[in-house]
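Have a look at the structure below, then the notes.
Going by the order they are written in, the chains are A, B and C; count residues from 1 in each one.
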């Protein structure tokens, strides 16, 4: 199998006068890691929100595996195999890390069997195995609201991975993470996602991460894609450097 | 349809005028509830008790003035004085003594604290005023009646119901709108309602705003009760009935909406009066049916704003 | 609290309750009502787990009680009336639930209140059907085919209530530990995440709502058969507030909390009503305030705190 897993065509969405998406055309290829970069307010998160059904575009189409997913609720899109992690980790703060993952596994299986305990053998095993892959096993019993930012981000992504997605959309997986931790987290992510054969789209501000992680880079600017291609080529483009990287390095 | 309207002009006219007076009273209570919710983010279940205590206080003062041989217009002084006393004393006591301790708590607990307060205030009423009906209608009798023609029928309405109640409600609405938009304190209240974090970050003294708003809301509830006192006989339980009704008005309007509360009070007030004349057994149900119907179509209420969460 | 400890405590409590009823016969009535209300509060507990509080659950309790009142002449058998009341309340819970699970927090609480008031006013106004505020008298039904003497009937009701309380308590405990129950807690902390896990938060809440309605209906059936007189007051919003009160008083932690709270509530009420007829409500209100302000874990929190300390010292 090759070709596009996700095809977006002519996506438009404006909030008041601000055009968050002004004609987005993008193919996400099977198995690739695609980075989305661009200044704040360029519409990067809006693209993720439209793809996951949280926002509905005013025009355009989105197809996943050749079928339109336009107008589906977020949970229907998730069930088709599109996972999502968040800029601000969306964890169940009163639960432990292990329970967070186990709940995601149970959700994948439809959440039924109402009287079996959440931490029954099978779900606990699988949750521990996932946490092991992310290097989080030691934190399994910690409450989700007691984690540092790096662990919160990884748990958030691990929850999305526990749903067995084929496409994973990540919103700034390394923002807020201490610089010393950053590359280690990226290494973990690359390894886990490659092993699982997951296609990934991620919004990122750190160009070192982009270079290390991405197969292709899409540059967002005022609701449009200003450039698209391999990192080496796109990141060396003077216009991109001026408009995107300059600003970001400043910030 | 036209024939039916013609035959029932009288009924509809009665329902409309009764409904107007009723809506005026409901609005006074609901707008206070809504104002307090907007700023404090607490639905005060004891708000209805403040209405009841305002009513009882007004009736007692009215009877006291009459017993002292004061002229009948003193009854109106009693109404205003009762509202000021109840709002001015109970408002700060409740806000500073109780609510201030629970602002950070879960909503469930906040709701329960005001429920506990309601239980206490209900018994306090019984201890002070007993369980026998109390009535004082001097303000009503003072203004006499007006003959209103409906086609060939002429029906006498009390001037109090026709002019005083809607007049005070309109004045309250206009005064509130002016106060919230044109005065500094009013704009601070609006700022806290719209975005509490930003408002406090800008250095607004939330404590003062909360105290002021709650006192004012309590005063409005008490004034509503005081105004209602001449038109009805006071019995235990009016507070419990009032809070539920004013919540229906607030939910129909949308939480935090002031002008919206006026419109939904009209809708519910007239709807209920229409039921009184057309289908009396459903009188009490109609306000809730209106509310449920509105919320099925617009979950945020007629004028409410949808809040989207950012992810 | 460990599972074994809680089961032991529950057994001890059940035995203590039967012993108390034996020693002081007048307690049987109070304890039966307390157990019934405890069952209804178990339902409230499910919703509290999602951070939602229903100020209208007396609706289901009243519908269970009226179901008994209406059906008892046709089917005078407690073991038929109970499931019938549960079924009716469950169906009602499904209809109301489909509407209210779209709302959260204050809207959820107060909409439940408003809807329960619709039932209240219908019960009060449709005199032909319900005899209004006079209420309906219920003749004691047979129990498992036996027509009992009044003394035995009162015992039978207590035992029936106890068995149902233990059963529903165990059920709610298991449910809260299961994925469905844990997802309820997820509604409280991160509802958006549930949707992004492919889960409908509304359906999770609806399932809990219907279950809580069933428990309300069962509680109402017991209340109806025990008091043998049902009135619209059962549906009044203050009765709903009472249920939430008991939930907080008992503490939302374990399945034992609701029964602890209900027993304490009913006993305080009986004493306060006898000693201070005009102020018992104010006394309960004061107790509620004190619990919220000074013992937020409720009675159950106080007790498990004590037990935990002792266990800690032993270890």
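Here, a residue touches a chain if its C-beta (ideal position, glycine included) is under 8 Å from a C-beta of that chain, and two chains touch if they have at least 3 such contacts.
Note that the structure is a prediction, hence the values are computed from the model and not measured.
Compared on C-beta pairs in contact, B-C and A-C come out with B-C as the pair having more. The chain occupying the central position, as judged from C-alpha centroids, is C. The chain with its C-alpha centre at the largest distance from the centre of chain A is B.
With each centre defined as the average position of its C-alpha atoms, the distance from chain A to chain B rounds to 50 Å.
Taking the mean of the C-alpha atoms as each chain's centre, chain B and chain C sit 32 Å apart. Here the spacing of chain A and chain C, counted between their Cα centres, is 44 Å.
The set of chain A residues touching two or more other chains comprises 90. Those residues of chain C in touch with two or more other chains are numbered 192. Those residues of chain B in touch with two or more other chains are numbered 311. Note for the complex: chain B touches chain C at residues 37, 43, 45, 98, 101-102, 105-109, 111-113, 115-120, 122-124, 126-127, 240, 244, 247-248, 251, 255, 281-285, 288-289, 291-292, 295-296, 299, 309, 311. Interface residues of chain C facing chain B in the complex, by the touch rule stated above, are 48, 51-53, 55, 99, 102-103, 105-107, 109-111, 113-115, 117-118, 121-122, 124-126, 192, 236-238, 241, 244-245, 248, 278-282, 284-286, 288-289, 292-293, 296. Looking at the complex, you find that chain C touches chain A at residues 171, 174-175, 177-183, 185-186, 188-190, 192-200, 204, 207. Listing the residues of chain A that touch chain C in their complex gives 52, 73-76, 78-79, 84, 90-95, 99, 102-104, 106-108, 111-118, 159-160, 163.
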